[in-house]
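Structures for review follow.
Okay, so subunit A shows up in both of these, paired with subunit B first and subunit C after.
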Partner chain A sequence: MAAMERAAPAELPERKERSPWADATYQLMQNRLAVISIGFIIILVLLAVFADFVTPFDFAKNHLKDNYALPSATYWFGADNLGRDIFTRTIYGTRVSVSVAVIAATVSLGIGLIYGIVSGYLGGRVDELMMRFVDFLYGLPIIIVVILMQVFFKAMARSGNAVGIWGGLIALNKSLGGMLFIFIAIGALNWIGMARIARGQVLSYKEKEFIEAARSVGAGPTRIVFRHLLPNVIGPCIVQETLQIPGYILLEAFLSFIGLGVDAPTPSWGIMIQEGYQALRSYPHVLVAPAVALTLTVLAFNFLGDGLRDAFDPRLRGV
Partner chain B sequence: MKRLLYLVAALVVLGLLLAACGPTPTPQTVTKEVTKVVQKEVTKVVQEQVVVTATPVPGEKHNTLYGILGTEPPTLDPSLATDTTSVWVDEQLFLGLTAFDANGKVTPELAKSWDVSDDGTVYTFHMRDDAHWYHLNLATNEFEDVGPVTAFDVEYGVKRTINPKTASDYAYVLGIIKGANDFNGADPAADNFADMEAAVGVTAVDTYTVQFTLTHPAGYFPAIAGMWIARPLPKDTINEYGDRWTEPGLIVTNGAYGLKEWTHGAHLTMVKNPNWYGWANSKGNIEVIDMPIVQEASTTMSMYEAGEIDFLGDPGWGPPLPDMDRIKADATLSKELVIKPRLCTYYYGFINSKPPFDDPSVRKAFSLAIDRQSLIDNVLKGGQQPAHTFAPKGIFGNQVDNMDIAPDLLDYSKGLPEAQKLLADAGYPEGEGLDVVLMHNTSEGHAQIAQAIQDMWATAFPKANISIENQEWKVYLKTLLPDAPDSEKPNIYRLGWCADYPDENNWVNEVFNSKSDSNYAKYNNPEFDKIVEEAEKEQDPAKRSALYAQAEKLLVDTDAAIAPIYYYTRIQMTKPYLQRVTNPMGGDPVDQWVLDVAAQAAGRK
Partner chain C sequence: MIQYVIRRVLWSIPVLLLLTLSVFLLMRAIPGGPFDFAGEKLLPQSVRQNLQRKYHLDEPIEIQFVRYLVGDFVDTHDIRDFGKDGLLRGDLGLSLRQRGRSVNDILGDSFPISAQLGILSMLLAIIIGIPAGIFAALKQNTWIDYSSTFVAVLGVSIPNMVMGPLLIWLFALKFHWFPVATWGAKPPFLLGFLPTPTAKFWLHAVLPVLSLGTALSASIARLTRASLLQVIREDYIRTARAKGLRESVVVARHALKNSLIPVVTVLGPLFAAVVTGTFIIEQIFGIPGMGKHFVTSIGNRDYTLIQGATLVYAVLLVIANLMVDITYAWLDPRIRYD
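Let's look at the complex of A and B:
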């Protein structure tokens, strides 16, 4: 038995000078779960983009005689109630979920960031007004508002005689299988948390010396906001947004589950879970693929968000 | 720690999604929004005699039947009921002049017998004198006798349904009674309102004889006279309590069971009324009917398999579509499955007034491009029959065997090329330029059928753009109302129609006459209206039948106002320890059901 030996104190590695961004990247890469999550999300995005090439089936094509087929060489994950290939539908469902994640997050980040920075930077009466409006929006039950918006959009889309921008939106929504209105509905209210964070960051930075310095050498508000405030504010906001993405994905799945999401037969994990749930007693395999996909995706975004937060704000690490 | 929280949160949300209320597969009967008019008039209840008898108490050892209601009954007021759930409960509480037996034949109930005048327009019902009204006293748990059921109660009940102040959606079925339509359309503020009520052709000749005068002869009238909307009603109770009169503790009933408890949206209990005259001749032994309200088919299936409920299918959900194969393959479950015909048709209607479906060729093409047999074999699996006419077998005047009418609806191999040609000739080759919205009420079953048919259409017309939408039932019916704006309507909608009484008049005339409130398709062909109105008055059965052949041909084939899809079946499951008596009209006389209590207790463990 070898004697236990205390490891000799390692020599401190020589630290290279790194920018905060490079440091954050390095920290992120040290987090194994986050790296796996990034890999998983990249695969998801690739699947979503190249769905047409991954599978020989059409997601909407029925094979009524094969309904509820068990997993086989033809149907890798089995077939659903109308004999549609579940593997294909799960892959195409990725498209909906990833689109929601990306677009809703972008919309929410965009609106929230601008709103928060403007509010925080201008301060005073304007800040007061803008923040009271945010408080008001906070008071609304978001899910109910989103449901109402979806009902409204669907009714408008059906009226058919819309013209102009509205008509264009409706046409675009139709070609996206009903996804556009989900983006709008989800993005439209979820920026309020972002706005508060951005404003808080701006408030703390705008009194700092480097802003004073910039102002004293004659920088205008635009330059201060874009060159000096934005780079400092955006990090925590991105972290926050990443942590909200699972919420968006679940919200979309929930809306589709209750029939207010994408239009049939466009597959969404929410719709597939709903269909699988109906068949749970007799054909449990129908539920497995979309449920696993949804769970893994939500977890991946959570781990990534955690990793990002740790990387950007070392004080919070491990909390 | 936080990660764990997220993990838990994700799982909880997933769980919530799973638990969230899903829609339901059993297609519904056509019903409409109900507006209630409260009668404010207060009169004293006259309790003529009070006989007190012991009544079973739920929870104690009584023969208890466990079932489910698929939805909260929208009303228990027989004048206002339009849906299968309400009617099922009312069937246990209230008696009609007539009833249906297990074969759908009209049999006496409150009426011992009836005569018809020579010209066929005056029906005289002779009522039994041993039926009484009872009030279930919740404090003492006893049924108190409130007096006999008389011809005056029938007259009151019928006139109450017709009265425009009651706003019954089914009043039109009584339109065959002389003066009924005038009274129903009258303005309650008009001076002659009372006169118009008096002029309605229903009169209590004496205490136990009631006479109906009809606008024209109708052999099916005894069936209408037994419907829930024509039942005797307790006038004093209704006057005293207004629209609350159907609440437990207030309600006065005359049927085999009384209403013990009704927790809205959750639970309903009925208990045996031991005073009811019919028990003497009934083998039935059920003393308590215990019915939770469960809005989901898959949940009720689990409850059934766990032995928590004794039967499935009317008034609650039948077995869910995904479970049909398993049920048929399972040695025990397959024996408990019974599939019976039901007088209902599942159809897709076209909004005839909204382009491009104002063109009969387009409508016909879409109707032909549905592979009905494949839909039944692979999706529905409930022994349904593919439909090429509106009314199913069992309805007088039905044309199911008439192969002159749209035969290719039943033969997809011929129907498909024909459909493609029709649509091309109409100016939409391969469906090019068509933007079609198909709408159904929210339900997993309807969604599945809609997607199957959408794919059939997409195969037949590859360039057409067909989208599916769904709405909650109440919203859905408002969208479809004939006077709602066409712009908010879909192009194609799904509905079912079930017989109120087994005659074609209840189908082609009462649904698709251009003046009908149920004409959601906005089908308007004066020739069709003329035929169905003539058929309603025609006395010779052969001539009537011939007229209905013409009407069905116009409706489904020539004009293709609708696409009939299949004739319903009643898919039921019943535990072996329950003998269940039903009739094809959908009423279930629970007073004739026999339960083996020992076997039930064993099955629940």
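Let's look at the complex of A and C:
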């Protein structure tokens, strides 16, 4: 064994020393599928932001005499049951999916990290109590709770007599085309997995020597958490969060498909797929654009998540 | 082991009660009630009040919950009535929206259909997924591994709402090989849940089982591959190889069992979820399964139906997780439950 170790450096190509982050970035950039996915996601974000400038039509404008128009120079991907341009609606659909991906992931990561770090760092009774609560939430069927919340929000918004903070939320939700409540419903339970991972990470680092060293030179809890724990804990959490993003996108599409998603006429791929499915027998082209867009987006986030996981976990790398 | 199982079952009772109470309260927190509309028409106040009285919805909420649990015992205080018409004797009550039908009836008709679809899909997923995952792991970093991993990622990325219509369009509308929709078996079922295995049943089952099963098999394949790759690097595998065992024996007898532990962990909850119905697949293929009740009964404020459906799901989840734990002990003899 010792002989092998001595012999090894001669055969290895020269390798610069890199920080773990730089190393992970390097590994990620070697992964062709992940790089393509990053490119695709950047394009998606740009389309979502600049949708107004890319699209030839207003996403809500009906052209009733052109209903179910086939793809043509005017309607690139055809028109739907109300004669609305499918290309335009697909591009605007990226807004919903990208916002859900970004915001649900940020909320889940934020709450999960804080909860997990507090629980793991404080330990003892508090930890016990906080984790029992997470266990209870774990027992709830997520889909049912999300549907319950969406039905609740929609009923509140419809009743229209809400005042104070409710009134503000409902108004904000309306101006976002119904997206705010989707963020809340999806974010409400999806942080619990993250909290467990963050706590586990904190527990594994808390007793390490470098933390003790920091404490012995008089570092306070804030400094220990932010300077020493967080940088170590956050890597695996970001990887895990990226792996969850496809789930958020699919959950939003599911809600929209069953009519509990964004408010009409805001376009969401889930609603468009539902409409396309309704017209499948006679006008299958209506389904194509949103179905391809949803699949490619989920695919890209899956490849990115896998790439990140492999980059951060050297054990899974090809030897 | 038996003691462990009994303890787990006893523990699940308060958990299930807490879950039932949560759904019970959450449903009643949503504005609106089950009797607001008849079709599209708003019901008059007096009719609504009568209906609420009939279904005891005018009582204080804690009495309502106790009545849901113990039934008529609330009124009669006769110990022989304890639990009669109540959850404690397995009576899930009357549906508030499907007049004259009990929740037990509704779920008794729809759950077997979802279970048939779900079990067939799970079988397909396991038969394809586990061997594919093993194969990819054994050929790690070859083109076989890359292409099967790629296909698996593609499989988990195609949503059911895309896969279903795609299969219908291709195999039902273009080629006319399979029927477009509906399920090929109706209640009453043999033993309450078995379909008559006619040609009609199988023809109708192919497309929905394929759309559900392929997605599941892709995620099982990914999981199996990752897990086997981790196990194969363990010291005891090196020992087995050092003993001079053939690679096939090393994998089959030493690596495989342990690598299945994470797979089984996921299969349990997945089974409970799939068997109680997938709304999208049932909707797309027009299958009268249980999945739709989870969605429509919340929108309809059919309190008893959503409570019953959630409870069936939760009970199955408890059973599935118990099976998972028992399987652990079989897969890994180091795991003991005392």
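Just so we're on the same page, the second predicted complex is superposed on the first by the 304 of 319 C-alpha atoms of A that agree within 3 Å, B and C clash if a C-alpha of one lies under 4 Å from a C-alpha of the other, contacts with A are read in each partner's own complex, and residues count from 1 in each chain.
The working rule: a residue touches a chain if its C-beta (ideal position, glycine included) is under 8 Å from a C-beta of that chain, and two chains touch if they have at least 3 such contacts.
Since the structure is predicted, the reported quantities are computational estimates derived from the model, not experimental observations.
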*Is A:A213 touching the first partner subunit B, the second partner subunit C, both, or neither of them?*
neither
*Who does A:G139 touch here: subunit B (first), subunit C (second), both, or neither?*
second
*Go through the superposed model and pick first if A:N62 touches only subunit B, second if only subunit C, both, or neither.*
first
*Touch check for A:P265: first (subunit B), second (subunit C), both, or neither?*
first
*asked:* For A:L299 in the superposed arrangement: first (subunit B), second (subunit C), both or neither?
replied: both
*What is the contact status of A:I147 with respect to subunit B (first) and subunit C (second): first, second, both, or neither?*
second
*Now for A:P284: first (subunit B), second (subunit C), both, or neither, which partner does it touch?*
second
*Examine A:V126 and indicate which partner it touches, taking first as subunit B and second as subunit C; both and neither are also allowed.*
neither
*First (subunit B), second (subunit C), both or neither touched by A:V49*: neither
*Go through subunit A and flag every residue that touches subunit B in one model and subunit C in the other.*
155, 159, 246, 250, 253-254, 257-258, 270, 273-274, 277, 280-281, 291, 294-295, 298-299, 302-303, 306, 319
_Parts of subunit A lying in touch with subunit C, wherever the complex brings them together_ = 33, 136, 139-141, 143-145, 147-148, 151-152, 155-156, 159, 246, 250, 253-254, 257-258, 260, 270, 273-274, 276-277, 280-281, 284, 287, 291, 294-295, 298-299, 302-303, 306, 315-316, 318-319
*asked:* Using the touch definition from the top, list the residues of subunit B that touch subunit A in their complex.
replied: 1-3, 6-7, 10-11, 13-14, 17-18, 20, 22-23, 25, 297-298, 301-302, 305, 320-323, 325-326, 374-375, 377-379, 435, 437, 442, 444, 447-448, 450-452, 454-456, 458, 465, 467-470, 487-490
_Residues on subunit C engaged by subunit A in the complex (per definition of touch)_ = 15, 18-19, 22-23, 26-27, 29-32, 140-141, 150, 153-154, 156-159, 161-162, 164-166, 168-169, 173, 226, 229-230, 233, 279-280, 283-284, 294-295, 298-299, 306, 310, 313-314, 317
_Quick check on the complex: what are the subunit A residues that touch subunit B?_
60-62, 64-65, 67-68, 81-83, 154-155, 158-161, 174, 246, 250, 253-254, 257-259, 263-265, 270, 273-275, 277-283, 291, 294-295, 298-299, 302-303, 306, 319
